[in-house]
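Chain nomenclature is as follows: A, B, C, D and E, assigned in order of appearance, with residue numbering initiated at 1 for each chain independently.
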Amino acid sequence: NHAADGILRLATTTSTENSGLLAKLVPQFSDSRDIPVHVIAVGTGRALNHARNGDVDVVLVHAKNAELDLVNSGFGIERYEVMYNEFVIAGPETDPAEISGLSNLGTAFEKIANSGALFVSRGDDSGTHKKERQIWDEVDIEPNGDWYKEVGLGMGRSLQIADELRAYILTDKGTWLALKRKLSLPVHVQGASDGRNDYGIIAVNPEKHSHVNIEAAEQFIDWIQSDEAKAVISGHKVEGEQLFYVIE
Amino acid sequence: MDGLIGASAEALRLLFTGDREIWEIVAISFSVSFRAILYIVPLAILSAFALAYGNFPGRRVLITIVNALVALPAVVVGLLLYMLLSSSGPFGGWRLLFTQGAMIIGQMILAFPLLVAMIHVSLQGVDLSAWQTARTLGASIFRAMFTIMREVRFGLIAAIVAGFGRVVSEVGCSIMVGGNILHHTRNIPTAIALETSKGEFEQGIALGAVLITLALALNFAVATVRGRDMARH
Amino acid sequence: MDGLIGASAEALRLLFTGDREIWEIVAISFSVSFRAILYIVPLAILSAFALAYGNFPGRRVLITIVNALVALPAVVVGLLLYMLLSSSGPFGGWRLLFTQGAMIIGQMILAFPLLVAMIHVSLQGVDLSAWQTARTLGASIFRAMFTIMREVRFGLIAAIVAGFGRVVSEVGCSIMVGGNILHHTRNIPTAIALETSKGEFEQGIALGAVLITLALALNFAVATVRGRDMARH
Amino acid sequence: MSNLPEFITIQNVQKYISNRMVLDIDELVVYQSECVVVHGPNGSGKSTLLKILAGLMTPDSGVATTNGVVRPWRQAIREFRANAVYLHQTPYLFDRSVEDNIAYGLRFRNRSQSVLFSEVQSAMEWAGLSHLAKRNARDLSGGEKQRVALTRARILEPKLLLLDEPTAAMDRKSRKQTFSLIRDLASGGNAVYIATHEAADLYQPDRVIQLDYGKLVV
Amino acid sequence: MSNLPEFITIQNVQKYISNRMVLDIDELVVYQSECVVVHGPNGSGKSTLLKILAGLMTPDSGVATTNGVVRPWRQAIREFRANAVYLHQTPYLFDRSVEDNIAYGLRFRNRSQSVLFSEVQSAMEWAGLSHLAKRNARDLSGGEKQRVALTRARILEPKLLLLDEPTAAMDRKSRKQTFSLIRDLASGGNAVYIATHEAADLYQPDRVIQLDYGKLVV
């Protein structure tokens, strides 16, 4: 029984883990409460699936609609907002679609589609991919053709491919920052009005899975919204830039 | 359990309805791995013969190394190949990255140690007098090799089948140098990895079932071709 | 090329400085795979003997199936095992998911077909009269099996080494049922996958180099133990 | 026919291989102490007969009588396995030293290490193999192999020793020794069957049986 | 010694296996048409000598003279390989039909399919193997195997035929046939060397050479 072994199992996305934030947050929590935390970093879809199956106690992901589904279907108790970062568009230095400086992701997508420049899509149903689909929908473009490369990979690998192919890509800022120095793929659109990327945290419902370590899960949810945790989140920098902003 | 039943139903659906996308992925999988095995088998056979019958210094060390290289993780092969083929790498000019060509090279490298190890084991089971008999009856070294290959044909087939199985199911290298690009380099294992990362476990297992069903069909076809011959073994 | 040089330097650093974290990961990798192989080898040997000497209907079909199962993708084994071990699966009560125990089971399943295929190939190289000789000189079936195993010891070692190589380098199943949890279920391949997903390719290759170096060291140790004996092969 | 006590009688034994009849024996009585030479042209079934008597091959039909009890083959086979040792026409030597090969069967009997050791030593001495004791048996010449295999079988002193062309590769000295060994064994209470193309009188046999197309011709 | 033309002369041939000297021959002249029986106790080096003459084994030292030219072994070995066929003491038969085994060597010579076929058929007839033609050679009895292997070697009519215990497993009829075959070959211009423990006069040899501890004793 999870509760019996006292371990808190946290499913989260690879991008969160890779940003290095959890490596700061988790030890502070587990040391002060004496609760061992096992971080299982997988794709958003898989993380939510683990929650649904009761294999983890708590999920921290960024796919608002899917998260709400989890709650509505009764497998999650409640969704709490934790923080946000942003989605940006990176692309080749030459910027063939001339999107640099735009303040709206949708407009940039339209220009890319019309320019015939290459675009790499994660194609993996991740939070980022869902966001991308949503933007295409909003600008009413059905992307397909040789210019649109669906790679079906994680963010880091997709960035590598975009770099190799000199293609545009929608990415979360954190992963891009982490890889910045290895790529020649500058960000062309950031701070966009439609670029916000919200992270939510949900405890798995013990009514569905009785063995869930609900006490620890609730403690963690409480703690991550505490001032102590917020300070860690706001203070976390990658390549000198703040990555996550707490939601007040 | 529901999941498994769902996965089985989905596998059947994938296999028996003409889902174009799935057959494209299957075709890429098998054609890439076929070619990889086809190109590497001759070299593997020659190497196994050299290790079995050769008489050169360092032979035992080479046998040990080949055996150890079976442990080479696919993703490491993928990473190395990526570095070589990347546009900033030494062979970037070939523009092979994210093509089936790159996947084939990766799978050739991956299959090689297993093929050599297994063929070498087969050859060890053949008495030296078999080789000597072929030679004394006038076979050239080359013909004698073919004769011995025929003597160990079951082991050879098992090796090729295992080598094929090793590469047709590997994901680390294909995803790294192929890029899992839909219609181009997405094969069954990378598609499974994708479905898995999405949390679409049933779909992943269904794809796996498709792969195994086809691998079984292929193996039974091979077994039927070698046919009656096999009765003695 | 710079990348490769960087990776080699990093590999050396990892190997020769006492980086605690890396050695923990290495220890998990090897201990999990050792146990998996240790537990599955007896069954694999028995199965290979049954396939080689047994005289039961369906033997040939089983040989074909075992050969085909080498193509079972690790991630598919991982998915199936996940469904069984998940809290909502039939064996959820065992609470094995995301533990080394689950990884061991997965690796046992993965190693099995390759082990059986390779041991079977070895056994085919032994004349039936070897078995008969052991039996007529008074060996029980069990003792006769040990005698034959000794006769094919090089093939057996090659099979075990290859089986170990197969599982110590696999990532799909370990990540699925192990969860890649630091200090608990993170082994070399899942660490490589993590580094790779971060784009830390050099670190990934360095970890791969550590794995291969240790696999080589292990193989040379085995080769030295069997020692002079090997001179004849 | 010998008038010694019966050991095993086999009756109506038929063996088919690949749908061809290779052995068809109405009755054969194995006495407790006799030397029997089995003659017959190539392919007449000599090796097959010996393997069946050793319990290494199961006939397709047949019964065996021991101690006056007639039993179906499957039951009787233990009797054969426990009492008979078969030496292959092309002996198989284990990939270990000559010494270890010769000691192989003895290890399954309860013997102290030192008794085992001295038995093996004296058997090797008798066979003129002492100088080869530590050599790997696979590296021997044809006749040396034959001698190791014979020594390995006879050291077990089985009630029924089945020898398939035991002297084919042996030099003169070893052959003479083998002939006298067989006489000694047979007169010492063991049954020895020898399938051979050599002249029967070399073995001074108690009986000669002749096989042709799998049938006994007297 | 024969006064026929010389075919090959070997001199100062020494072979060590695992640091033990197994063959040490000062000089041996192989004449173009003769039957030579090689005698010697087990382990005296008979098989080793024959394998060396077949070019299957390379001695550690030695020279060979052909057509009056003295050549180091590595050069002369082609001559041996091209002209000699060696029949193993324990013959190896390929895992195919008897027919295909017998045809094996002939396929490397330029022969039309039909000539090849009729040669194989008549060779099988001579050896009394026709009824076994389609059988897998692995499934034969010991003597049948020996006969297939001999037929497979002699059909090539090599200038130098090296037979290692060719009749060990053969029945009487086959042995007699083999003896007369060898006489025919030798008088027909071929050299035939037979390593055997049988009485030499069965072969009516032109010479008998005796090996002991790897050395020729005359």
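Here is the rule we go by: a residue touches a chain if its C-beta (ideal position, glycine included) is under 8 Å from a C-beta of that chain, and two chains touch if they have at least 3 such contacts.
The structure displayed is predicted, hence computed values, not measured ones.
Counting only chains that touch, the fewest steps needed to get from subunit A to subunit C is 1. By the count of C-beta pairs in contact, the leading chain pair is B-C. Distance between subunit C and subunit D, defined via averaged C-alpha coordinates, is recorded as 44 Å. Averaging C-alpha coordinates per chain places the centre of subunit C 48 Å away from that of subunit E. Shared interface positions of subunit E, defined as residues touching 2 or more other chains, are 90, 139. Across the assembly, subunit C contributes 89, 196 as residues in contact with two or more other chains. Residue positions of subunit A touching 2 or more other chains, listed in rising order: 154, 157. All chain pairs in contact, by the document's touch criterion: A-B, A-C, B-C, B-E, C-D, D-E. Against subunit D, the residues of subunit E that register as touching in their complex are 17-18, 40-43, 46-47, 89-90, 139-144, 147, 164-165, 168-175, 197.
Interface residues of subunit A facing subunit C in the complex, by the touch rule stated above, are 1-2, 5, 9, 14, 17-18, 38-41, 52-55, 154-157, 159-160, 178-179, 182, 209, 211.
Against subunit A, the residues of subunit B that register as touching in their complex are 86-87, 97-98, 175-176, 179-182, 186, 190-191, 193-194, 196-201.
For subunit B in complex with subunit E, the touching residues are 127, 129-130, 132-140, 143, 147, 150-151, 232. Put simply, subunit C touches subunit B in their complex at residues 1, 3-4, 7, 60, 63-65, 67-76, 79-80, 82-83, 89-90, 113-114, 117-118, 120-122, 124-126, 152, 154-155, 158-159, 161-162, 164-166, 168-172, 176, 188-189, 192-193, 196, 201, 204-205, 207-209, 211-212, 215-216, 218-220, 222-223, 230, 233.
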